[in-house]
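Which chain is which? They are A, B, C, D, E and F, in the order written, and residues in each are numbered from 1.
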Amino acid sequence: NVRGQLAVANAQELLQKITEKSYKMCVTRPGQALDAGERQCIAKAMDRYMEAWNLVSRAYATRLQRDSRGMQQ
Amino acid sequence: NVRGQLAVANAQELLQKITEKSYKMCVTRPGQALDAGERQCIAKAMDRYMEAWNLVSRAYATRLQRDSRGMQQ
Amino acid sequence: NVRGQLAVANAQELLQKITEKSYKMCVTRPGQALDAGERQCIAKAMDRYMEAWNLVSRAYATRLQRDSRGMQQ
Amino acid sequence: MADQELDPQTQAELRQFIEVENSKARFQSMVHNFTDMCWDKCMTSVGNKLDSKQEQCLVNCVERFLDTSYFVVNRLDELKRRA
Amino acid sequence: MADQELDPQTQAELRQFIEVENSKARFQSMVHNFTDMCWDKCMTSVGNKLDSKQEQCLVNCVERFLDTSYFVVNRLDELKRRA
Amino acid sequence: MADQELDPQTQAELRQFIEVENSKARFQSMVHNFTDMCWDKCMTSVGNKLDSKQEQCLVNCVERFLDTSYFVVNRLDELKRRA
């Protein structure tokens, strides 16, 4: 199933990026465990990263449409 | 055509690097449009990146030749 | 020989990382030749990188074991 | 390989399906790259939602990167024509 | 391709061999990524051996990255269940 | 696959052609990596041409990286021999 494989690859890529960016932003000095502040920060970073992904996706799609209309005129 | 594909891949890689480096250097705070200063900076960065690519290419080729002569002695 | 190819790929990856990290840490302003201080720094960075690789490898293996025991309980 | 066994219409449908899926994959791959790059440019801290400044920065980051890409391609074409 | 010519036991052994080698390759690839990332986080200078602070930082760096990864996966599952 | 159908001379020519094209591709790939890395090291601003300091920095950046690479390989060989 080509479509399913594509969706899985996309979700895995997103998961990896979310983990990397949350870790980089929230765990600047890794200690003996994730503390409450770090967990809260990771939860927020996750939600914001997914919002950012959706926003970027819409902005890119809109731009592609605008550019293709421009070329047809 | 192997040779043609290689040349195309090389040009695409160069184009991508030029875009990334010019953007990173010249568009530090993306606004509503590329302004005149940003465009000028991108034009210069493009030209310098291609010069740098050629210079690096010559330096690397020279070094490989020097090292291979060294090994034959 | 699958096992041999894997070992070679692993060694090459390690070699490349060592070179990149040593260069980045020790040769901040590349001059006409590697000076004595730079060579000493590279030698240390090499040794420490291999120690770090081994330490990380043990830490990750220990963690995987701990997690898999946790799942079986 | 097995193309000879398929009738022309099925072949055309298959080709179109592959093309559509490829362009979807390219689109998603670009979105991953843009989000990665623009996150670093625009998100120095995270709150309970994206604020309007962050949203604007993310959209501008994508738009100006594409502008830069077109500018570079067009200028290369121009330089080649003049040469 | 040539599977039909192999008896079932050889097939099973071969499959197990491939699985073990694949998991070794994945393990080593993760160790390369972790060492790369945690080196930049923990090693601002190099001495005659790793000091205890650097060792602790490297181990914590790996452990907390894996904690982050599990936290993200679990929270995504939770959000999906609630949705 | 179709090697058996080619006469020895054609085979040898083909093999040499592939080798030459592979080494060209490796060379260009190294040049891309070097230019990327050395651009970040040497080019903090861009003028109407590369100035002599930038040119020297770019060449030294490539040369010293290769020196580092040889130094690392030689030292590893030495450590292995002594072990």
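To be clear about the criterion, contacts are C-beta pairs under 8 Å (C-beta built on N, C-alpha and C of every residue); 3 or more make two chains touch, one makes a residue touch a chain.
Treat the numbers as computed from the prediction; the structure is a model and nothing was measured.
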item: Those chains which touch chain D and also touch chain C; value: none
item: Of A-D and A-E, whichever chain pair has more C-beta contact pairs; value: A-D
item: Which listed pair, A-D, A-E or B-D, duplicates the contacts of C-E in over half of its pairs; value: A-D
item: Gap in Å, rounded to a whole number, between the CA centres of chain C and chain A; value: 29
item: Whole-Å gap separating chain C and chain F, where each centre is the average of the chain's CA atoms; value: 21
item: Overlap residues in chain D, where contacts from two or more other chains coincide; value: 63
item: Multi-partner residues of chain C (each touching 2 or more other chains); value: none
item: Direction chain D, origin chain B - full chain order round the ring; value: B, D, A, E, C, F
item: In the complex with chain C, residue positions of chain E that touch it; value: 17-18, 21, 24-25, 27-28, 30-32, 34-36, 38-39, 42-43, 46-50, 54-55, 58-59, 62-63, 66
item: Residues of chain A defined as touching chain D within the complex; value: 2-3, 6, 9-10, 13-14, 17, 21, 25, 41, 44-45, 48-49, 51-53, 55-57, 59-61, 63-64
item: Contact set on chain E toward chain A in their complex; value: 41, 57, 60-61, 63-65, 67-69, 71-73, 75-76
item: List of chain A residues in touch with chain E within their complex; value: 15, 18-19, 22-23, 26-27, 30-34, 38-39, 42-43, 46
